[in-house]
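Heads up, the next two complexes both have chain A, just with different partners, chain B and then chain C.
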Partner chain A sequence: MLMLPELLVVATALVVLVIDLFLSERTRWLTGLITLLGLLAAMAAACTNTMHGALLGGRFVVDAVAWWFDILLILAAFVTVILSMDVLNGNTRVRMRGLGARAEYYCVLLFTLAGMMFLISSRDLITFYVSLELATIPMFALAAWRRDDARSGEAGLKYVILAALSSSLIVYGMALLYGLTGQTNLDAIGRILPNHVGPAFWFAVAMLVAGAGSKFTVVPFHFWAADVYQGAPTPITAYLSVASKCVGLAFMFQVLFRIFGGWLHDGSLLVSIFAATTMTLGNTVAIVQHNIKRFMAFSAVSQAGYFLLGFLGPNEAGVAAMLFYMLVYIVTNLGVFTCIIWYQNETGREEIEDYRGLSQTNPIMALMMMVSLFSLAGIPPLSGFVGKFFLFSIASSAGYHWLVALAAVNSTVSLYYYLRVIRQMYIEPPDADARRIPITKKLAVTEAFLFAGVVILGIVPTLYESIHADTATWLATLLR
Partner chain B sequence: MGLVSWLIALPFLTMLAVVCVPERHWRMIRWISAIGSGIHLCFTGLLTYRFWQAAMPDAAAMQTAQSTKLYFVERIPWFESLGIQYYVGVDGISVAMVILTSIIIFTGVLASWYVDTRVKEFFGLLLLLVTGVFGVFLSFDLFLFFMFYELAVLPMYLLIGIWGTGPKEYSAMKLTLMLLVGSAFVLVGFLALHHASGMHTFDLLQLGQARYTNDFQRWVFPMVFVGFGVIGALYPLHTWSPDGHSSAPTAVSMLHAGVLMKLGGYGALRIAVYLMPEGAKMWGLVFMALTTVNILYGSLGAIRQTDLKYFTAYSSVSHCGFVLFGVATLNLMGFKGAVIQMFSHGIMTGLFFGLIGMVYGRTHTRVIQEMGGLGKVMPWLATMFYIGGLASLGLPGLAGFVAETHVFLGGFFGNPWSASLATKTLTIIATMSIVVTAVYVLRGLANVFQGPITDPHFEHLSDARLPEKLSTGLLVGTLLFVGLLPFYFIDLIEPSIMPLLNRLGN
Partner chain C sequence: MASVPMEHALVLAAVLFALGLAGLLVRRNIIFMLMCLEIMFNAAGLAFVAAGARWAQADGQVMFMMILTVAAAEVAVGLALLLGFYHHFKTLDADAAEGMRG
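Now for the complex of A and B:
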């Protein structure tokens, strides 16, 4: 059953919605548990499925890259659900108002996940676009989930408008592609396109690149990110920062490799310029942020710039490097967000300065947060360093030494602002009345796992090697 | 796991042990650190002995070798698809550096005996830092090297930021960022070297077989050299060093000036010159000129300082200039001098910072003018200070003399690729620094230790206690050993320097 993981996710969404009808307010926490079980089942189904193949007349294809994206996406959703549970169940020291409707929350979350999983497997313009919308539209609702919070509403509205704009660009680009080639199959379009280079073609390229850039927060299409990240409920911010980044990358894979694969080599310079501006702007703006969620938004923008290095060349190692770094990024970023969510649950605060003295009030969480931030900054021997090193290596092998230098210097700049947080945690003394801040078991276990991932992924080569082995021949069929 | 891996793992295991002890048993923490680094010193002794046994018979063969020979090699494939491996071993230069580091961390732990805030974190970070340093000196895979290199730099931020004095946060941030920008350029160079070789490996010796074009070496060599130069305090990128050293707590200054700054010289010699001999020839004179500025500027700067730590930090800038100057001379004398200077300056500056910490712990001031006559109440510390000072101004019989003589002779001999007049002039200018050094060392020490006791509070101060005597005694003993019996040390390093020289071609 090639489509089993996707179907399980959709089924879980529906089951959660139905079961909710029969639960009282006191037993409604069960919906979270059911969601987790459903995701576990989907993960198990994905892991045990080693077959690759096509369904629905070639409109739905599972290949090595799609398989890895499925795993990454389910992982991101799984952790997000755990992170959401305390907040939604009201199991926090500081109650966050307006966060009810658990079953609907999980259901909507699962639908976005299903959309994301379909997106990377789709091979047809129609299914491609529909799954993109399925991944995006429920997200608006999630961003605006805190009904009586003005910021949350603002986040939702901004997200709707800007995402709708990028979707309309994408659909325009797709229409042009169809007009040029008369095909809806992505591979067929990629094959035929070289015969149709003209103004309309370049217009389509511009539309799709702008749309993809917006989904992946590439500068200058990143404007929605900061406000949405800040306003959305924090678990959703976490989900946006990893899952939506992951699906952005999947979208880039589909567009750049599958449709425009033939031009990617010539377009390297353009990719390098996007990469350079994205990482530089993201890093520069992050320096002046005070709110930690906004701060993480710009950090995420700059990370998108590093990912783009993988498209240079292009070669097989780039695919593996990007997928591996996505895994590392998901684990690391969720590691940071677990701390942010925990701290917000316990103290209700989200400014960077509020973290002062954390190393005294909860040394273990401070340590884990520090290590995760170092990993984001690319400090060895953590996984973030290894992932970035592989990406830099791709750029270097493509001859973009200036870009490697810029990226490496950017990593140092990013270290500067990550150190600002670390300085608050470790160097500044805690408030006089500060007491030890407790942590719930759920969050502690999650953070411990993520922390282990941050450390181990960089040291144990198995996972990278298996990604590399799986995707070694993937690109050869697409680049002509 | 072989001996070399143990040398890297031991500080790390000690760190884990320290982390597992609850904070309230802080006495136990410092004992664990002391015992761990003591055992490390024994391991280093064993390594030196076994290396001596293994390497001495090969010394003659190395005179003409093109590639350095490693001993006790361990290699395990790591990220195979990228040609990255865990590849450690030793040659003469790394043995010398390991001895240095091992001595400094042991004495550094003893010098931090009286740290009383957040003891666990302090020793944990110190040991983590030193793990990185050993890793750098022992690894021969560029990826592994770089990994350890950054691991050695980063704990510095917290060590200075938390336990430092004065404008500690500013200094810590400046130091970390400058060093990491330096390492960013090193990283670019490493990747370029890897891809340009077409060999699909990060193995240093194997990359040594690659023939890089002159155009390639023209831009990559200065990049890597300057990248390492930042941590080696190359003028004008040395500005992190005085601030960093003066804000850091005692043991951290010791490790930083004593060992970490040596990573720069080591990397420049081991990687930049080894892999890119042509680039070294093109740029040798430029770097010689820059390091001459280093040497003079540092010593002139030291004259004007009133704070003992700034005083020593500027003198370190000057002395580290000798290391890179020696590397830039591109001849046997210069290379030997650079390695001996790395060692002797490491010991010397470790001694200085250790002593300053001890004096400061008693007088609570580091301002030279406020002190006076301390020799009367603390004769042991004063004696040690004087020996260190004399070594630093190059008195024969102490390690500093051996090093400086080699470096100056090397500079004077010059090399076939740089204008002889220029190298001779630069050497003569650099030699002037000896006079300047004598001025500031003697004047500074006389101010602090000689004359009448200026402040009545000083009359009841105590002399060194046992851990302090032990650590300073060990350092001074090493200075004397290298100073009086330099041939042992030279025999240790020379066979490993010859390949570097042979690769330059003559």
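Now for the complex of A and C:
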């Protein structure tokens, strides 16, 4: 069954919603467990499915890249659900009001996941567009989930308007593509397009690139990210920063490789300019942030710039490098967010200064957060370094040495602001009355696994090799 | 029956889209911003219908149905959030949404 993982996710969403009707308030935490089991089943179904093929008359295709994206997305959603459970079940020291409706929360989260998984497998303008919206619209509700918090509602509303703007750009670009080619199949559009270069074509390119850039937080289309990240409930911020980024990359794969694959080589200069501005601006603005969620938003923007290096060339190694770095980024970023969520659950604080003296009250958590931050900055031998190394080598082999130099400078700048957090944890003294902050088993185990992932992914290269081997022939069929 | 040339429909769609975009940027009332978004979606839908007519296919109209449905869902969520926004800020002015700075 090619579509089994997606169907399991949708089925779990519906089951959670229905079962919730029969649960009392005391047993309602079970919905979280059912969600996790459903995601495990979907993960197992995806892992055991080694077949590639097409369904629904070629509108739904599972290939090597779609398979890897499915795995990454399910992983991100699985960890997010674990991170959400404490908050939703009320197992926090600081009461967070307005975060009720557990079953609906999980249901909506699972629907976004289903949309994301369908998006990378879709091969038709209609399924492509509908799955994009399925991945986006429920996210508005998740961002605004804290009904009593004005900032959460504000984040949700800003997200609605700006994401709808980018969606309308995308759908207008799609209309132009369809008008030019008369095809709704993405591969067919990509094949026919070279015969139709003209003003309408360039208009469509501009629309789709702006839309894709907005989904992937590429500067100058990143402006929604900071407010939405800061206002959303923290587990949703974590989900946005990894899953939404992952689906943004999937969207770029579909648009840049599949539709505009023929121009990607000539467009490398444009991609390199986007990459340069994205990483530079993200890094520069992150330096002056005080709120840790906003800080992580700009860190995520700058990371998007590193991803763009993989589109230069373009070649097979770029695809593998981007997928591998996405895996590393998901694990590392969730590692940082586990700490942020834990700290917020127990103390209710989210300013960078609030982390002072954490190494003395909670040395192990401080260590894990430090290692995750170092991995984001790209310190060897952590996984972030290895992932960045592969991306930089893509840019270098494409001849963009100035961009590699700029990216290296940016990594150093990013080290500076990641060190700001580490300085608070390790050098600043704790408050006089600071005591050890307790941690729930769920979060401790999750953080330990993510920490292990951050370290192991950098040392053991087998995963990169298997991604590379899987996707080695993927691009050749698209670029011709 | 004389048919409308595709160019005319596409020009109309482009004008509508530009009007929607301009309105979105100029208006500060959030309800009007959502309406402008709706105009932009419908402009894109019109472009799809015109394109479908050019190729004599039903796909353009099918896509228009999808766009209508999705835009309705989008606005439904938007209006729900708008109610929450009004509840907190007692205004529909988008400039009131400045609780976060950095």
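Here, the second predicted complex is superposed on the first by the 480 of 480 C-alpha atoms of A that agree within 3 Å, B and C clash if a C-alpha of one lies under 4 Å from a C-alpha of the other, contacts with A are read in each partner's own complex, and residues count from 1 in each chain.
The rule is simple: a contact is a pair of C-beta atoms (placed from the backbone, for glycine too) under 8 Å apart; a residue touches a chain by one contact, two chains touch by 3 or more.
All values derive from a computational prediction rather than experimental measurement.
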*When the two structures are overlaid on chain A, which partner does A:Ala45 contact: first (chain B), second (chain C), both, or neither?*
neither
*Does the superposition put A:Ile379 against chain B (first), chain C (second), both, or neither?*
first
*First (chain B), second (chain C), both or neither: which does A:Ile236 touch?*
neither
*Which partner does A:His401 reach: the first (chain B), the second (chain C), both, or neither?*
first
*Using the superposition on chain A described above, determine whether A:Arg147 touches chain B (first), chain C (second), both, or neither.*
second
*For chain A, which side has the bigger count of touched residues, chain B or chain C?*
C
_Looking at A:Phe392, would you say it contacts chain B, chain C, both, or neither? Reply first, second, both or neither._
first
*Taking the superposition as given, does A:Ala366 touch the first partner, chain B, the second, chain C, both, or neither?*
neither
_For a test of understanding, state which residues of chain A touch chain C in their complex under the given definition._
125-126, 129-130, 133, 137, 140-141, 144, 147, 150-151, 153-158, 160-161, 164-165, 167-168, 171-172, 174-176, 178-179, 182, 184, 226-227, 230-231, 285, 288-291, 294
_chain A-facing residues of chain C, complex_ = 6, 10, 13, 17, 20-21, 24, 30, 33-34, 37, 40-41, 43-45, 47-48, 50-52, 54-55, 57, 59-60, 62-63, 66-67, 70, 73-74, 77-78, 80-82, 84-85, 87-89, 97, 99-100, 102
_Interface residues, chain B side, partner chain A - complex_ = 78-82, 121, 143, 146-148, 150-151, 154, 157-158, 161-162, 169, 173, 176-177, 180-181, 184-185, 187-188, 191-192, 194-195
*Spell out the part of chain A that touches chain B in their complex, as residue ranges.*
317, 320, 359, 374, 379-381, 385-386, 389-390, 392-393, 396-397, 401, 404-405, 408-409, 411-412, 415-416, 419, 422-423, 426-427, 461, 464-465, 468-469
